[in-house]
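Just below sit the structures, each encoded as structure tokens.
Across the two complexes that follow, subunit A remains constant while its partner is subunit B and subsequently subunit C.
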Partner chain A sequence: MELSESVQRGLQSLADLSVFDQSGFQVLVDASFRSLLSSHADPGVLDQPEFKRIDQILLKQSHTAATTFILEAVKQNADKSTISSCLEELTFSAERIEIFYSAYQKHKKELGRLLASIGRRAPQINDVSWRLQYHTKNGQVDKVNEPFYSISLNAENEGSSEDINFTCTVEQLQDLVGKLKDAAKSVEKASQM
Partner chain B sequence: MEEVDKILIHALKQVGTEVSEEIDSVRQFSSELIVEAVVRCIRVIDPGLGSTLPTSLPPGMSARFRVGMSLAQACQDIGYKGEIGYQTFLYSNEPEIRSLLMCLVEKLPRESAETSDQPTGKSVVLQRAIAAAIKAQLAVPWLPTNCRLPLHGETQSPAALHNFHVQPLSLPNCSKGPGKKQLKELNDYQRDILPPVTAQPSHHASVVASILEQHTAELSAAQEWDNEWNSQGLLSRLTPQEYQSRKLTRLRKRIEEQLRSAALPSPESAFGGPRSTSDLGELLQAFRASAPSDHILTKGTHFTHTQKFTFTQESAAVTNSIPSRLQSEGDSQQRQQEELASLQQQLQQLCSDVNQLTADMKHMSVTNTQVLDELKQREMGNSEKEEKMQVKKKTIDLLPDADNNLLKLQALVEASAKRVVNLASQWEKHRAPLIDEHRRLKEICSNRDLESSRKLSEIKSLHDKIRVSTEEARKKEEMYKQLVTELENLPQDVSRSAYTQRILEIVSNIKKQKEEITKILSDTKELQKEINSLTGKLDRTFAVTDELIFKDAKKDESVRKSYKYLAALHENCNQLIQTIEDTGTILREIRDLEEQIETENGNKTVANLERILDDYKAIRQENSALAAKVREG
Partner chain C sequence: MLLVLSDDHKEHLAFLPTVDTAVVGEFGRIALEFLRRGSSPKIYEGAARKLSVPVDMVQHGVEGLMFLMTESSKHMISEVDFLDSVLALGFGDELNQMLLQLYLQHHSQIRSILSQLPSNLPAYQNLEWRLDVQLASRSARQQVIPALTMRLLLTRGSDSRSDHSIRVLQADPSTLLHLISTLEAALAAMKTSHSRRILRNIK
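Then we have the complex of A and B:
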């Protein structure tokens, strides 16, 4: 895991016993996770009695470094050995690594979900209703005589459901079904590496 | 054979055959098991061939026969050299099955083993992880929306998404950095007012994106700097700070130049709204094209003046036209418009005044500096002239006593000439060592230069080496990690050491056997040799005695008798040897036959015969049933 210089410095001061004592370390780690996971920005996240005697600039640096480190670790799905080797390099003691890792383990899933929520996603199909119709004639042509399907896909996007309506001929429908099967097959293939 | 069987059973289990725990030798294999094992092996070796074969025997006898035939055919196609037919599967005997299974297991592809030997890349591991995740997600059944539990929330009910939106973060700088004195106000701001990073973005949703982006930007900047420093910075022989400051000044100079070249139309752009965009475009264009700046700069203020003047007129006309258009509107509006127009006019006026005044001021200041320069020049001329005047005054003072003064002057000149010569000689004296020293120092300097460049190249190579070795170390570490994970993932039931030990045991056994065989071989060879020498000796002695006795036999009757006896004895002995040899061959034959009997016994011939009889009966029954059906039909 590559870390920038400022993050390394912040973590080093976080590892420093003379800056953060044991309870302060614990509280800062908790505060870092909380500040990332809370649903609203909390400017007072660092207003803790444990931090009163710590230089605020150092405190903010360490907080920044800790949040960055947490996010990078979750982004790379780091396991215990990676995290501990990384923190050991930054002079963390085994005890502090353990504290950090247990907190990381506790919040990893949530953080992963938080990272996964960045981006966009196509709507998800929940249901489908269809109707087979027969097109006998229209204004231009007297005899069309073609069946066609009108399909309504009930899709769900970001919690709200919406309907996608379209009509298609038999060939188009076959094409669509074939493509869907292809997609399912390739997903299955991807799962059998 | 036990070892072989164990290895075979293990291999078959790996292929996917379900061999129950109690079975630990090929002897215990049933026909069904044999068929399953063979079919699975064939499927792995040649999927096209194996896919048509069933893994279990059908109940019907004729169908079984057909399956056996097709299996035998498949085995021959794969390359089994031994004798094989339907009977191999249906009426199995141990050695045949063993040799068949050994052949099949040997033919099993070893790719899987080879690939696991090679360290898989990081991407492969990642892809595997992705595949595992997809598999896990596919395993979860789909549920309609209202049945979903929070358990399925991750994959099935999409949470609200937001875009990757980044906002700049302000980070508290490091106050520990040496030589970086920060402003006290900045420090105070960072200490007391700056909110923590997670509270800085206006949308809480963009916190994560912002932090990640900030970190990546820092990392890439550091990397870029590293690259630049290694490629160019080191060669410039400056300290990093010096290099940076030099680069900064260079950049500043360029920006200044560009700005200056673009600054000419700037008075207008500061002025009017409508043309500001085009002016910006011009500015940017000037920025892009590095136009020579000085020739625009010398164009003087007159040009700008006129431009400004025309422009003010234009804008005034524009502002005047607006109220005239709006006269049809209500009175108050009109008044307001008028007032606005007048105010705007006033503003224009004032602006133009201000501009005029600033231009005037500029002009004035320029003229002021010019005048000051002139003044300085005049003063210098003045002082020069004063000096000249003083010299002339002195000469005039000296004129009355001309001869005397001339002599004095000549003496003075001579003295000074002498002094000059003296000084020159002295200078020469001093100069030589100084020049020598200068040369010496120069040499040292060049030496140092050389050395420093050498060291520089050394440093560079060291840097490269460091980079290479760190990379290598990282790669090796990664590989190590991968291998560790792979080791963890590997099935633990296979005890490798036991295997190797067994193999070693087998090898040592084979070695022992080989030794014994060679011993026996040498023994037999020796025996053969002895026999040969003995027969030779016998032949020779016989020939000699035969000759001797034959000679005497002509003279003596009794000797003739003894000769007869000798011949008989020889014959009898020959016969004896023949019989002994015959018994030996017969014994060997007996042993062979006994072995054959044993193998035949091992083939379970009786049981197989019984089974064949049963199967024969079954086939007859089937046939009769079919015939009955045909008759009925």
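Then we have the complex of A and C:
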């Protein structure tokens, strides 16, 4: 993994026993993962009793470096040996590498999902609701007598949700379901490859 | 069921027996054309010049025919009821038969035109789909995220002047299965004895 100089420096002070004692290290690692995973980063994330004695500038640099390192590792899908060798070079003890790696393993999946969701996508369908109606007559025509469905697809796009409403006849709904089933079959086939 | 024709309507149609049956036939054709595509004043002017009658008279005659056709199609009245209804106009047998033929030949098309008028909700037209797998992005490498990308085609209004809209949507595999099972339940609702009873009894 390529890391900038400031990230390397921040990680080196995180490895330094004279800056972060054992509990301070553990708390900073946890705080770094937490600040990445909570949707609205808590401004008081560094407001911990363990950090009282630490130089605030060093603390912030280490926190920034740790979060950058975590994001880069998740982005590259880094394995244990990559992370270990990288942290070893930055003077991390075996014990600290182990603490970091177990936290990384715990949150990796969730962070990966978060990173993969960044970027433009088509609106995502969340749910569908339906109503079956019988059209008997209207202002223009008598004796229509046709059943039809009102369908509402609930879709989400960049955090805002939207309903897509349309009507369809019974035959059209059969057509729609048939096509969705075809699609589901190819998803299943693809997943077996 | 008989149609009740207003005095104005009768007066408008009274123009028909004064012209040749071929002209009435032409008016019928024009009336249907206007129902399909909307009216055009130019055609009234042309016909009025040829027949050397006022434009109003032609317009009333054609519109009277249009109204007669839409009203009888709306209620889907029987052949006998149609003839009994136009009897009130006091036309000859030949003309009555001509109107009847016009009605019988075109009522289903007129009904389909009429039935499109009140539908302002978009209607399902087609669904195209594609299976995508997201492999990598700027923020994360080595992903395997399957997603179904769909193109939903909706139409609003009649076929001739339809207003298509296309929505591109995505769903993950588990949502896709949820959609299928929910919509299958919708289709099953159609086959319940409750629905069948209603459909059978409201005719």
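A few notes on this one:
Note that the second predicted complex is superposed on the first by the 122 of 193 C-alpha atoms of A that agree within 3 Å, B and C clash if a C-alpha of one lies under 4 Å from a C-alpha of the other, contacts with A are read in each partner's own complex, and residues count from 1 in each chain.
The definition used in the following text is that contacts are C-beta pairs under 8 Å (C-beta built on N, C-alpha and C of every residue); 3 or more make two chains touch, one makes a residue touch a chain.
In this text, all values refer to a predicted model and were calculated from it rather than measured experimentally.
Within the superposed three-chain model, A:L115 lies in touch with subunit B and with subunit C [touch as defined at top]. In the superposed model, A:S35 lies in contact with subunit B only, and not with subunit C. In the superposition on chain A, A:R9 makes contact with subunit B only, not with subunit C. In the superposition on chain A, contact of A:V177 is made with subunit C only, not with subunit B. When the shared chain is aligned, subunit B comes close enough to touch A:E72, but subunit C does not. Contacts of A:E50 after superposition: neither subunit B nor subunit C is touched.
When the two complexes are overlaid on their common chain A, residue A:H63 makes contact with subunit B while staying clear of subunit C.
When both complexes are overlaid on chain A, the residue A:I164 reaches subunit C alone and has no touch with subunit B. Once chain A of one complex is fitted onto chain A of the other, the partner contacts of A:Q124 extend to both subunit B and subunit C. In the superposition on the C-alpha atoms of chain A, the part of subunit A touched by subunit B in one complex and by subunit C in the other spans residues 75, 77, 115, 118-119, 121, 124, 126-127, 187, 190-191.
Only residues 2-7, 9, 35-36, 38-43, 45-46, 55-58, 60-61, 63-64, 67-68, 71-72, 75, 77, 81-82, 113-115, 117-121, 124, 126-127, 156-159, 161, 187-188, 190-193 of subunit A touch subunit B when the two sit together in their complex. Against subunit A, the residues of subunit B that register as touching in their complex are 127-132, 134-135, 138, 144-145, 154, 156-164, 169, 171-172, 174-176, 187, 190-192, 194-201, 204, 207-209, 211-212, 214-215, 218-219, 222, 481. Subunit C makes touch with subunit A in their complex at residues 70, 73-76, 111, 114-115, 117-119, 121-124, 127, 129, 131, 133-134, 137-143, 145-146, 148-150, 152, 154, 167-173, 175-180, 182-184, 186-187, 189-190, 195, 198-199, 202-203. Residues 74-77, 112, 115-116, 118-119, 121-130, 132, 134, 136, 138-145, 147, 149-151, 153, 155, 164-168, 170, 172-177, 179-184, 186-187, 190-191 of subunit A are the ones touching subunit C in the complex.
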